[in-house]
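Below are two complexes that have chain A in common, paired first with chain B and then with chain C.
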Partner chain A sequence: MIDPIFLVEAAVNGILLGGVLALLALGLNLIFGVLDIVWIAYVDLVMLCMYAAYFVVQVYGWPVWVGGVAAVVLGLFLGVAVHVLIISPILSSPPINQLLATGGLLFFLQSFATFLWTTDHRTVRLSLPVIEIGGMFLSFARLIAFAISILAMLGLYLLLKHTYIGTAIRAVAQDRDAMALMGANPRRVYLVTSAVGGAMAGVAGALLIIQYSVHPYFGAAFGPLTFMICVLGGLGNMVGAFVASFVMSEIISIGGVTWSTEMGYVVAFALFIVMMFIRPGGILVRRD
Partner chain B sequence: MLDVTGITAGYGQFTALWDVTLRVTAGEAVAVVGPNGAGKTTLMRVISGLIAPRTGTLVFQGNALGGRPPHEIVAHGIAHVPEGRRIFPLLTVAENLKMGAFLPSARSDFTASLDRVHRLFPVLAERHRQRAGSLSGGEQQMLALGRALMSRPKLILLDEPSLGLAPVMVLRLFDLIRQVREEGYTILVVEQNVRQVLKIVDRAYLLEVGRIKMEGRAEALGEQDFVRKAYVGL
Partner chain C sequence: MARLAALVVLALLALVPLVPMGGMRQYVLHVVIQVFIWSFIGGAWALMGRFGLVSLGHGAFLGLGAYTTTLLWNFYGVSPWLGAVPALLATAVLAFLVAYPCSRFRVVGHYFALVTLAFGEVIRLLLIAERDWTGGSLGLTLKTAGSDASLMAIQFADKRVFYYAALGVWLFGLWVWARLDRSMARAAMEAIGEDETAAASVGIHVTRFKLAITTLSAVLTAAGGILYAQYITYVNPETLAGIGVSLRIVFAVVLGGMYSLLGPTVGTALTIALSEYLRVVFGLKFIGMAETIYGLLLVLFIIFLPSGIYGSLRAALRHARLPARATA
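For the complex of A and B:
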């Protein structure tokens, strides 16, 4: 029998992991919801942002927050670049071509990162403490990552809910032509959406590099999980993705303590497959 | 105010409008009537920039706007209330109206515009926080009209405003359009409900199979025998 305190600790760790996963899922979902394109290479952009933070902090010795800012700025820039160079020219192509194009980007980024930086795992070494609360041991890095994830998602919520451009992003997702008739250039709205999605990848990169080491195949670990969360929550459904992130992270975390880390993932993926039969539209089916 | 001259337009191989010429002067209300598939909606879409004309010119207040994209045309003061209303169903009523004022020039007058829209359509104030998709058809049409007014337009294009509305609501809607007109807006309206629309406009054009077949004062056109038989149903 497992000591209950380990389960509680696993549950808390699950919530902390869920925060960063939710950030990844919301970034990917935002772009899908508006442009109807899945950026297969989304987590590989995160990987590049992690390298940016790694170089700024670990190699060049700048303060951690500078590394974070560098990751976000790079993410924003990458979001714009991916949209302008890859997505925009094929916006009216069949979905399969769009999928292949962003899939191609994934292989390009992985290979290019390997070419530049080899497959070495690189870590930002911060002397962040482990905190003990009531017999549980919690990593301070995870707590910070969780708090900043929540703040970033709150920022996204406020942007989408309370600004003209944010509301226009939601409106374009519902009716592109109608929004053009309101005076918004849909191309500009798409660009802003991609920039915001890219910046969120940058935030996620900055938060992941203080918990995990980065390597060219980082996307292979978190990419499938992120897509699974988006599909489980219902593609394009922001609230659904948010909820699904915590469902998945809890299963992985508690499963990991109960059986083994691998078993945690097995259970999570098995649940995903079952859910696809029961609720193919996502756990919270969007009602129009 | 608006001069449409020799417009030919269509979709792919198909030509929906042939050499259409039409003009609207400031302060006027003008209707384009005609049967289904006559090209009425295409004409509206050409004027608001949703499709580019193949030939012909479109001049609004001295600016040549033919082929310009919709977000530029609305900035010149032409608001298009599209067929089927096309409100944003998942946004609230308030958010829909806010999007109507998306243009920087409209944002500064947001409060005044909102007051005016609420005065014209009190139901929109009552349903402020409600999702637009949950409104009734008539309320959605009011929202679409209100949203267009939020951009502070000079000319309003109305495409089939009465489509899909209950008869009682149709009468109410035409009354509201008349009120909007009295506020000083210039209106170009496309309608199948010929009898009703001729009561609220000054002039009308008859469009058939993509060509202007007749034009004239609303009363005179309504008196024409074949118009009466074909469209007015008298």
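For the complex of A and C:
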């Protein structure tokens, strides 16, 4: 029998993991909601941002916050680049081609990173303490990452709700054709959305590098989970993705402690498959 | 004319192992065997891919086939000839279990791709989790059989045997494709791919066709996995299950063109030739370079040549020929 304290610790760690997963999922979901395209390579962009933070902090010795800013700037730039170079030429292609084009990007980024930096695992070493609360050991880095990701999500919410461009983004997500009829320029909205989505990848990268080591296959480890969270929450549905992140992270975290790491993921993925059948519109949508 | 050309090519392929190549023979045969096996697998994937059922989880079927026969052989000494029966049956059952609800609840497009992706990951993770049998991420080496039992164990020291086996399997894959291409099922599947509701309204049994094509595709893929495992005599979760290999299959096919008979073969041959060439030229110094170029090509292809190399070439040829015929 497992000591209940371990379960509580796993649950708390699950919440902390959920915060970062939610950030990943929201960035991807924003792009999906507006452009109706799944960027299979999204987490590979996050991987590049993690490398950026790693090099700035660990190799060139700049302070941590500079690394964070570098990751966000790179993410923003990558988001724009992916949109301009890959997505905009195939905006009207069948969805499967769009999926496969970003899948090709995944291959490219993964192997180019292997080529440049080998498959070594790299970490940013911060001497952050592990704090003990009531017999549980929690990593301070994870707490910080959780707090910042909640702040970033709040920022995204404010951007979408209270700015002109945010309103435009929400409008396009609701009805692409009507927006064009209103005289708005969907291209600009697409570009801004991709930039914001990319910047979210940068924030996620900066927060992940202080908890996990980065390697070229990082995207393969977190990518499938991120899409599943988006789909589980309802593609384009921000609140759904937020809830789904915590559902998945709790399953993985508690499953990992009570069974094994792989089985935690197996249960999470199996739940995803079943949910796709019974609630295809996402967990918060009622089937009609 | 086309039939004659095909016969000539076939005769040449059958003669390849007899060409004196000195020390190069083993290597050339190895590359060609790989091309045959992976083309067969790509063709199996394209059977459903061409109708809009894009599966990103075919690695699961590959792994299921390969691991079932390997485990039966290593632990119980069951000949892979016999082991293939439960392996293929299990694959068929599993394909059915995934395809039935997908069809029933209308999981299509992106969603179908993501469900199959999740399914592929589940199989890969289960293979890793059951490490007591499967060796986890380290994989498993097939027990070697004595030379007297090589036929029973499907293990041959001579690559030429595998060459002919792979050639036969590849031809079988082409035959299945051609057979399907001429059948009513193809017309029905095309209609379903275009518009399910409309297809159902003219009396096409949507679920039945989808299930049949998915099961066929999965079973052929598993058969390819078994052959590959027998040839390499080593299985591991990264090369035979999971998202990496699933995407690799899809991309080779998309590169060649998934709507034509030889598209998957052309795509597979090109990707294998490219990675072998880069490996020979750069050696181990530039690990990842081959895949980098390959990924870049994929993106460019999907943007500029969405029907693939072979598909676009054929379309261009037909285009050039048509006006000539019109004037005659």
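By definition in this document, the second predicted complex is superposed on the first by the 280 of 288 C-alpha atoms of A that agree within 3 Å, B and C clash if a C-alpha of one lies under 4 Å from a C-alpha of the other, contacts with A are read in each partner's own complex, and residues count from 1 in each chain.
We adopt the following convention: contacts are C-beta pairs under 8 Å (C-beta built on N, C-alpha and C of every residue); 3 or more make two chains touch, one makes a residue touch a chain.
As the structure is a computational prediction, the values presented were derived from the model and not from experiment.
Visitor: Answer with first, second, both or neither: which of chain B and chain C does A:Phe227 touch in the superposed model?
Guide: A:Phe227 sits against chain C, while chain B stays out of touch.
Visitor: With the two structures laid over each other on chain A, which partner does A:Pro95 touch: chain B (first), chain C (second), both, or neither?
Guide: second
Visitor: More residues of chain A are touched by which partner: chain B or chain C?
Guide: Of chain B and chain C, C contacts more residues of chain A.
Visitor: Would you check which partner chain A:Asn185 touches, where first means chain B only, second means chain C only, and both and neither mean what they say?
Guide: A:Asn185 contacts chain B only, not chain C.
Visitor: Just which bits of chain A does chain B share with chain C as contact spots?
Guide: Of chain A, no residue contacts chain B in one complex and chain C in the other.
Visitor: Over in the complex, which chain A residues touch chain B? Could you list them?
Guide: Against chain B, the touching part of chain A is residues 164, 167-168, 170-171, 174-175, 177-186, 288.
Visitor: Quick check on the complex: what are the chain B residues that touch chain A?
Guide: Per the touch definition, chain B meets chain A at residues 48-50, 69-71, 74-75, 79-80, 82, 86-91, 95, 98-100, 102-103, 106-107, 133, 147, 151.
Visitor: Under the stated contact criterion, what part of chain C meets chain A in this complex?
Guide: Of all residues in chain C, those touching chain A are 52, 54, 98, 101-102, 104-107, 109-111, 113-115, 117-119, 121-122, 125-126, 128-129, 243-244, 247, 250-251, 254, 286-292, 294-299, 301-303, 306.
Visitor: Quick one: in the complex, what on chain A touches chain C?
Guide: On the chain A side, the touching residues are 38, 86, 89-90, 93, 95-97, 99-101, 103-115, 118, 216, 220, 223-224, 227-228, 231, 235, 260, 262-263, 265-266, 269-270, 272-273, 276-278, 280.
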